[in-house]
């Protein structure tokens, strides 16, 4: 295949597919989330995150997971801070502004896809609090793993959280690739989330072996009181909720989610290691999750394309490419990819 | 089982489950709807509706199908007319107002869940057009089958459409149970939709054997130009779109959707016929689709509940109950239900 | 003149004009409402309403007074109940839905422009509270004087308030013609508002001698916490707030507002008395404020139009007309109007 | 007085006050903008801007002028570009996002309050057009005079317009201090607006001698079709519209607006000239309109405050202060201000 376009082009893990088949073949179930799978998912997440009080809600896309969770953190006249490359800023067609009734997005730049702490602290220390003219600082969103494939450490998150909470804001994590980040971080899910100061997160499964489901997890439960209404009026409350819950249930069973992410990350490291050895290529950021951003010489790119390898220029026109591995990427694909690239080098 | 609570509590048809399993086991596919299944669904719908120009978009709930399709028909200062019992009016947590940025819902009453044509004509003839103070009449939405389990005939739809189009409004159909309505109407899908004057519809599959998917179908293609943006910013564009498309593809294959609806309707007729024979019960509306609204004597209700039958009071506290059949309702369930009810009568 | 089209076509009372001239000729003042006039207006309203805790905010139109005050009473997934003829329902271009991010308007009919208490009680007793699908009942809005020129008594308001508060909703009053209503009711402002159970009101001045200003008055102060942000993001916080405050200050000075309304009402009664004596005319509702709705024979209407009288058909095409008096209507105008009408009768 | 806090703290010019008094003393007038003054204002603006096709609408604040005009330029999924210091970005409580139903604001930095052309061109050349995930570039807004008191030349505007229009976007000007900018630019109003490429502008009067009114002016008339509905549902259509129109009418009569701005600018230059001579002070930007941003030594600031001078730190805590002159600033005030400051220097 040699398809490195995106982890969202992958299929789904067999055990998740089978769970879904079983669940829908087993007759009727209460609708709108009052079924056993939905309850079990919340329970499983409470165990995984070592937090018996968290509230969790399955949703069908990462975009709405982000928009709904942040809508619970900010008024319409609020400001939400994020890295300028964040998915909520550039890839979600203003879903955040839609669900928040018009909150402002404020970019805080920083290297390798991470918010710079000093810039954030400066932005949050502006004398705008309670002044009716100014958008009111309400929430900060970090992406884990970042849009550069790097991973915030618990210590980094903790420092951001301290800055965020000092001013009374909420800290959100877009964890579309949380499993991949966790696999790199070498800590517990709790340590990479609420123990580090995350108040609410989008917990991704779609990119890591599910058919299509993410979850919103509230560690600060007071934030979740309006979630059900917001979700419903967004058209995101499924009558046959098991479509989503069953996926998450299987995803969390027997640490499947961790195994999937571990594999994807290992494939990325394998691929990066090979690329690094090639003359003329340059890997742009530390490969900590399952994404590689690499400068490829034009002949290498041409040869790879000709051989059927698939990946996106990122951004277009600059000779930089993004390669994404997934739960079902095979070593053979990578070996073939590297062999093609090495062949160019050796011509 | 004797579960007549709702057709959204049913499982899914095996052939749809199998199609989904196959699709996700077959490796990677382009994301965001650029896959083969999504294209094929639109093509199948063009064939089913005998209309090569329609545009179709899979979505995960009927609520968002309604909200997104109507958002393409009205400005924020517009008015949307519907029956006071319509799902968009009372069961969708203001999703319509959310997606339209605040359009006004205007109830038009009428017997048996259908909009009264004269009342509609009077409402649409008010001298408000172009007057900036007044909500601007923009769209009418009818529900097929209605919330009373009745079915608009093509002639009835045509008369409404004529009134609607004369004033320049658009006509929307909430077809959450379109298959059930079609099975009763004894005409073609085209005759029950665009040939009768429907401009855009929500095409339900969730309640008729799918795992969870509906579609928005634009017959007036000019309305669809902004759909993709509206869908995305609502968080409703799935990266792994096959989750939805594959279901619709299987649903439309070999007329499965028609067979499912035919069965559900037959079960409803069977149940209604038995109920009608019982003393003290009264079926409130013609049973034309898969819903029955029935007055049950208290002892009958008590005995059915005790025997494990499940159904909702509709509305609560008035001795009226709703019974819904589905694609997987069995004659045995109905026979047992009726036997219990008859047993009370004969005591 | 014989202009009975609307009290919003009148000029302004000289003492309000003079106050504005003085205020703007007196040099600089703090902006955004931190000036002395704005503070004094709130203080005057606290005295007028015998309520030292009320919070008051001047705004430039009645439409935004209604929209902003109700936006403080309902979530986006809420329902607001009002008479089907209410200004918020039919004359404000969905401003309510805009400012509430999409609340639903539910009509509660009743004779003579007043909400029928039984219908309201029935609507509010539906089992929808806390059920995520249904718009959540949040507020009721009554119009004082009504769109039929009638006036709710304190007893009537009290009964509505009791029903409203029992269910935990808020009661809003659109008091665009509150002064006219008060002049009829023969009670204190407090008795016609918070003592009867009003939580928040739009207090009109524009139609009663001001150049253009109304106020939002919160009796339930907890509702007002977000008002300033909502007002500002609506573009309704004037930097030179004295434009509005000074008008209200003069309006409330020496009971000018009461005198203006008393005069307008007296003129309406005078006109209605004359019309009642004419054959073929029929006054439709009790004339309790400054509006008359009257059936005029076509020859009478023709003669009046020919003589230069100005008034609106209400609604068009039915032989019914609305006549509105104002603070500056003169007895001579009315006498001339009646003389023309009587002349037709005596031909 | 020595009040240099803001030009929005000034009173109003006597001839505008008198015009308002006359207009409201002259009896009734058609409501909702169908009066003679409103029509005349549009006509006057057509003359002033040498453009018989422009459409103009009076509104009560600059905030809503900006929000409404930009709402006519962008869909909810659009992106609006402006300088990070722009009023729409930091001083309007997300009014832009509110009126656009959630458009994204994108900061484009540049020196002295002006958008940097190269950065803008780069931002607008991103490959996001027609890609559903990305906010769609829709409009650029420049502020004239800028938030640093500098003025875009017609040439600078033309270059921006060329970049903006090449990509199909619209160019908006926040002209809250357009008169002051014009007075500096030494060209015609047309040359500083539509001839340079402005499609729609907010035309300020509040800060330059009015009681409180700005206008939205559409040079691209196709943009204005929805304005009336948007304005009304925002609660910004005054029934007694003459409150706003009369002010603009007088403001534009006999070039009053130009004289007022010329005076304010002259006062600013006078003040800046004096400040520049003082040791330890530093004027930060070219003083081209009526605002001065100056570093003041602490003793100077202390002495000025003690002497009753009023002005804002800008931003707080950095020793920088903003001084704003207005149409009614007197040379005596400035001389006294400078005398106090010089007195400190000479101690």
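First chain written, first letter: the chains are A, B, C and D, and each begins at residue 1.
We take it that a residue touches a chain if its C-beta (ideal position, glycine included) is under 8 Å from a C-beta of that chain, and two chains touch if they have at least 3 such contacts.
Computed from a predicted structure; not experimentally measured.
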Contact-richer chain pair (by C-beta pairs counted) among C-D and B-D: C-D
Farthest-lying chain, centroid of Cα atoms versus that of subunit B: D
Inter-centroid spacing, subunit D versus subunit B (mean Cα positions, whole Å): 52
Interchain centroid distance [CA atoms averaged], subunit A/subunit D, Å: 42
Whole-Å gap separating subunit C and subunit D, where each centre is the average of the chain's CA atoms: 34
Residues within subunit C bordering two or more other chains: 76-77, 92-94, 98, 101-102, 132-133, 229, 232-233, 237
Residue ranges of subunit B touching subunit C (in the complex, touch as defined): 76-78, 89-94, 97-98, 100-105, 107, 126-127, 132-135, 315-317
Touching residues (chain side subunit A, partner subunit B) in the complex: 1, 3, 5-6, 8-12, 14, 17-18, 20-21, 23-31, 59-65, 67-68, 92-95, 98-99, 206-207, 211-212, 229, 232-240, 242-243, 328
In the complex with subunit A, residue positions of subunit C that touch it: 32, 75-77, 101-102, 132-133, 136, 226, 228-233, 237
